[in-house]
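Every chain is named by a letter (A, B, C and D) in the order it is written, and numbering of its residues begins at 1.
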Amino acid sequence: MTYVLGKLLHIVIVAGAVLPGVGAVMVWAERRVSAFMQDRLGPNRVGPAGLLQPVADLLKFIFKEDVIPGHVNKTLYVLAPVMSLVPALVAFCVVPYARGMAIADVNVGILLVFAISSIAVYGISIGGWASNNKYSLLGGVRASAQMISYELALGLSVVPVFLIVGDLNMEAIVRWQKENGWLVFWLFPAWVIFLISSYAETNRLPFDLPEAETELVAGYHTEYSSMKFALFFLAEYIHMTTASALSVALFFGGYELPFVTLPQGVWGTVLSGLIFFAKMSFFLFLFIWVRWTLPRFRYDQLMKLGWKILLPASLAIIVLTAGGVALRETLK
Amino acid sequence: MIRETRVMLEHAGDPAQKTLAGYRKHGGYQALAKALREMKPEEVTEEVLKSGLRGRGGAGFPTGRKWKFVPKTNKKKYIAVNADESEPGTCKDRQIMENDPHQLIEGTLLAAYAIGAETCYIYVRGEYPHSIRALEDALDEARGAGLVGRDIMGSGFSCDIWVHPGAGAYICGEETALLTSLEGNRGYPRLRPPFPAVEGLWKSPTVVNNVETLSCVTHILRRGASWFSSLGCEGSTGTRLFCISGHVRNPGVYELECGKFTLRELLMELGGGTPSGRPIKGVLPGGSSMPVLTAAELDVRFDLDSIAKAGSSLGSGAIMVFDDSVSAVDVALNISQFYSHESCGQCTPCREGSDWVRLMLDAVRRREAGTKDVALLLDVLDRIEGNTICALAEAFCWPVRSFVKKFGAEFEAHLKERASA
Amino acid sequence: MKTRIVKRPQLSVGERIYFATVVKGLLLTIKHFFGVCRDLFDWKNKKTAITMQYPEERWDFKDNFRGAPALVMDQFGREKCVACQMCEFVCPPKAITIWPAEFATKDNNVEKFPDRFEIDMLRCIYCGFCEEACPEEAIFLVKEAELVHTDKKDFIHDKGKLYEMGGIREDRILKWQHK
Amino acid sequence: MSGTVNVTVDGKQVAVPGGLNLIEAARYAGKSVPHYCYHPRLSVAGNCRICLVEIQGQGKLQIACNTRVTEGMSYFTDNERVRKAREGIMELLLINHPLDCPICDQAGECKLQEYAVEHGSGITRYAFEKVRKPKNVSWGDKVVFDSERCILCTRCVRFLDEVAGTPEVGLDMRGEKCTLVVKGDGKLTSPYQMNVIDLCPVGALTSRDFRFKSRVWFMHFTDTVCTSCARGCNVTVGSRGDRVLRMVPRANPDVNHNWMCDHGRLHYAFVNDETRLTVPRVAGKGAPYAAAIARAKAILEGARGQGILAVASPFMTNEELFAMKELLDRLGVEDRFFLKPMGEGDDLLVHPEKCPNARGAALLGFAEAAAEWPSKEYGALLHFAPHEGADLPEEALKRAKRRILFSLKEREADVCFPLTTWIEKDGTVVSAGDRLQRLTKGITFEPTLVTERTVLDRLHASLDASHRPPDTAAQALARLAAALPAFAGVTWTRIGPLGMKLEATGAPA
């Protein structure tokens, strides 16, 4: 019982406060960082350094009129943002964001992540379809095609990790790295593919083709407003968070630091959490940084990159890694 | 030596000439009697035509031909005598009216007989009260003697003559404006055609003649056309009254035969040269409305056609002389001031243009204009000249233009003084 | 027409990977990022051309700036507008409405004035045609661009408001003194 | 004078009627010669000098207005010399003309503006003070004079002298100080004085009534007919925003030439009256047309046995009268009258009948009401009140139990329909001399207003479902022409903008 209550509290804290909190800070950071990169100051009026801007945004989202256009498929239209957000939250459950602090410490953790995050595309595709708007539909279609294409590369880019570590449990992967050094040093090309694919999976620039403002007038969420729009928005940021967390956990040693042994007990857990968040923040920053640097891909370029470059490259890396592991085992 | 040939002014010095008896002593009214008794009206006209008499008002139109324009209808006809002598520098008609009025009356009656007019008006300049009185007196006497009025000299020809004082407008010396004024309206010149000889006073045929012209008619009928044409020269027959004024030693009215001497001789011998001895700078040979002649142009033969060939006109016979102490700019401005004051205001170019010309010349005189403005002045004169109902526009365009053209160097020098001053 | 053939530039393999270019781009944006960060701490000596912080910092408009149209008076505080309605006629969005009236006194040089003069700022497109059409130099587009009201009615500028905005402008014609 | 002569205008040979002046003759060659002082209906003054043309073989330029065509004449209206002279005249006209266009009512229809653009040089070389002359001079309560704007064309002087027969205006001073003055106490008295405003080619004479009301370019113009008397002067009505602002005569050589009387010109105030009735009233309360028509129908049907008195108005158009006639025929009404307002007339234009269509009412079978009204009692009265003048006497009103009125203002009645004025509808009237003329709709006073013809037709249709009313005035006229021999062969287009004589009535021309 205590276990269940404890898990529920954990879930509520993570899904109800931490992740939305990260999303909120990301909204602020995205606007401030992009502003700085463009020689602007960004939102700096609400609260100190504009830190309360997300609150103001949230209030605005809450109090905005909840418009449901007359021509939409109402059920799916309402469902879509939820379907987009929930998988994003669920996918985070296996991430060990501090020592022993994964909500679900399952032994097929990484597979779970991929399985759940694939569902997220339904939210987008259904939202696009339910909007009954050609731009939205195109956005939805693009999203599904993009997901399928990059899901492959994403999944395959992680395979070498399993090959090397020999375990699908995230905690195990982190522990392995503590012992053998960050996997990124072993699998830099795989990490690059992972990074690119995760950008595509989260619909972030340079791969934000589903919403492509200049072509599709915001794509799948053209018809959305108020909190439903906010949910889409939040989902995107939580996806980013999950992707960053995975990147940290799989390639950058998770909550551990090299050459440093964290103390046992609560303080150690807190410290490990801070380390994890610090690492994750870098990747979140990278998301923003890349977004405000690179232009959007053309759709054919996107497909070409996914199928013709990333897929063969990740396959090649698997083969090479497999060879390496076989060699290692042989030598052992 | 140039001599006067006195015909009209022969007895002007004799105070008795003003009376009927005095006038009759020298053959007065004999011509009228002869014409009424022995000649048909057409014969009178023929005689005048033969004499080569040209109008003495300024335009120099052959008088006989003018009379011939009068249509032979039963309509009432009129004679209007233009005694509105207001051209600056002109003072010849008053010599006739004040010293020998009967010759004018006789000439008027002859003209009336020739065209069949029964009413004649003598339109006298309002500023000539002496002339008006003299004419009134003479008319009273003549009327009393049966020379004017019903059944003149028992010939069955009736003709009355009325003196009409003007009200002080220069424009009423223009023949159609004179007629409008006679009718009791504003002295506005009329559109031509129709010409007054066809449609004049109250839409009736009217002959408008100058005082001097009609006085000549008296003498033509008295002594014959051939005698008259023997005087003067071809194109300028008979004698003419000239009023010499300005910088001359002997100003005054002279009766001369044309074509016998040059203008310079006239001014030097009769006029006696300038009183100061300074050289003559320019001469306005026909009143203020005619182009100026410079000192270099004075050797022109003194008759209508020769002066016209020299680019000016004898006009009303007012010869105004000025020596080199006078500024050409001042003269031009003075002339334009007069005409801008006298423009009747009927038609646009003269009404607006005369004042503009005055202002431009004033600016030149005050050295507030540039040489470009002088070119503008000439251009404006171009736009005015010839585009108006009557000749008043020409009357200031011609002299002003002649001054600007002939004394251009002086205008320029005057304007340049501004820079140095 | 003569056509000119330009050879399409061929990218080398390195360029086609884009990797170096992407890094170059990332370095550029991060340079600006840190530039602004630095300036935040040393605002007085800022080196980056940071966008204007609008309500506190404002543009000094040029004289030919086309802000809101306003009526001006001459240097003696007299009305210059004679209600000729040329601006009303020329106004493309029909924002101007004038009710002309005649002065009761006849000894004025000026016979006509606008009894009411209204500009609907919700229609105004700041084209400046009114200023250009005005034969009396009575209407100008002043350096006023911040029109914020909470009531639609306030956007209709009446004569009082227009004169308040326009103020006094030196006049050379002075038609009140001489025609 | 008679016959045609051949002239060459700017190299183009045309045959023109003899006796024409060069301005009129040039029109035959498609050339227009500018002119200010010349007016076809006034004597020639020849003082503006803008119509200077070059006649081949003549040294000086001649004014076209005072020169008549002769056989074989060739003249130029647009060669270099003429253009230069014209430009000169324009410049001279403008040097003392004030820069008043912004406040001048004439702006927009000003000859000086038009010619300045067409023939002027566009610049002035005049660098001096302009001449000052009296401005805003009152010439009585109708005309305002501005001497600075005056170009002294003397059209007004000639009009008052030659046409109106009241030579009240003359010239004073001379040269550039020349100005117009009114003799006596300085006020015009002529009942035709406002024509000088139209005649004035510039803004020197303006109408006190129209002064500063609107710039002409904002106005909408409608060609129609004045209804203040039976003369039927052709007019152009200027309106803005569905309110009539002015009326000016429209040239019609058979009716009013270029003139109209001041009374007619100012006779439009009742059109703009904001207190006019705009919705029908049933028993003193506003009601929709359908309800009012239903009430009127009930009254008429109820009164069938007791007799109905019908009183038409001579301000109604023939089409309205015909619609009324059809309704009365249907109801079997015998007593049909109309009231004719009478007043003073004069020799020029003013007709003693102060209504536009008394003759039409008579032709359509309505009898002119006598002084004595039949002593009969009626069940109902259907009465179109005249816009002004003679109205139904109280005793006659009281003779009917129920009253259906058509009136401009609200009146006590069982049903009171609003009247529309002459400028709010299409239709025809029979003016003096049996001249059929068209009225044209120029404004819509209120969108709710329905014209009388429609009301009558709807009333008729409510009584008789088979009644198929005509839509347009032209269709109504066709129906009328088919029914009445006096209007035989008349069509809307045949009447034309200038009207036509009703031959079939046998009236003297």
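In this section, a contact is a pair of C-beta atoms (placed from the backbone, for glycine too) under 8 Å apart; a residue touches a chain by one contact, two chains touch by 3 or more.
Just so it is clear, the structure is predicted and the values come from calculations on it, not from any experiment.
Removing chain C from consideration leaves the other chains connected by touching in the groups A | B, D. Distance from the chain A centre to the chain D centre is 83 Å, each centre being the mean of its Cα atoms. Look at where the CA atoms of chain B average out and do the same for chain D: the two points lie 54 Å apart. Distance between chain B and chain C, defined via averaged C-alpha coordinates, is recorded as 71 Å. Centres computed as Cα averages put chain A at a distance of 47 Å from chain C.
The touch graph of the protein chains shown is a line.
Chains touching one another, given as pairs, are A-C, B-D, C-D. The touching residues of chain B, when paired with chain D in their complex, are 169, 171, 186, 191, 193, 340-349, 351-356, 359, 363, 376, 380, 382-384, 386-389.
Interface residues of chain D facing chain B in the complex, by the touch rule stated above, are 44-50, 52, 60-61, 63, 66, 84-85, 87-89, 91-93, 95-96, 125-128, 131, 151-152, 170-171, 173-178. Those residues of chain A whose C-beta lies close enough to touch chain C in the complex are 33, 35-41, 289-290, 292-294. Interface residues of chain C, counted against chain A in their complex, comprise 22, 25-26, 28-30, 32-33, 35-37, 40, 48-51, 53. For chain D in complex with chain C, the residues that touch the partner chain are 98-103, 107, 130, 132, 135-136, 138, 148, 211-213, 215, 217-218.
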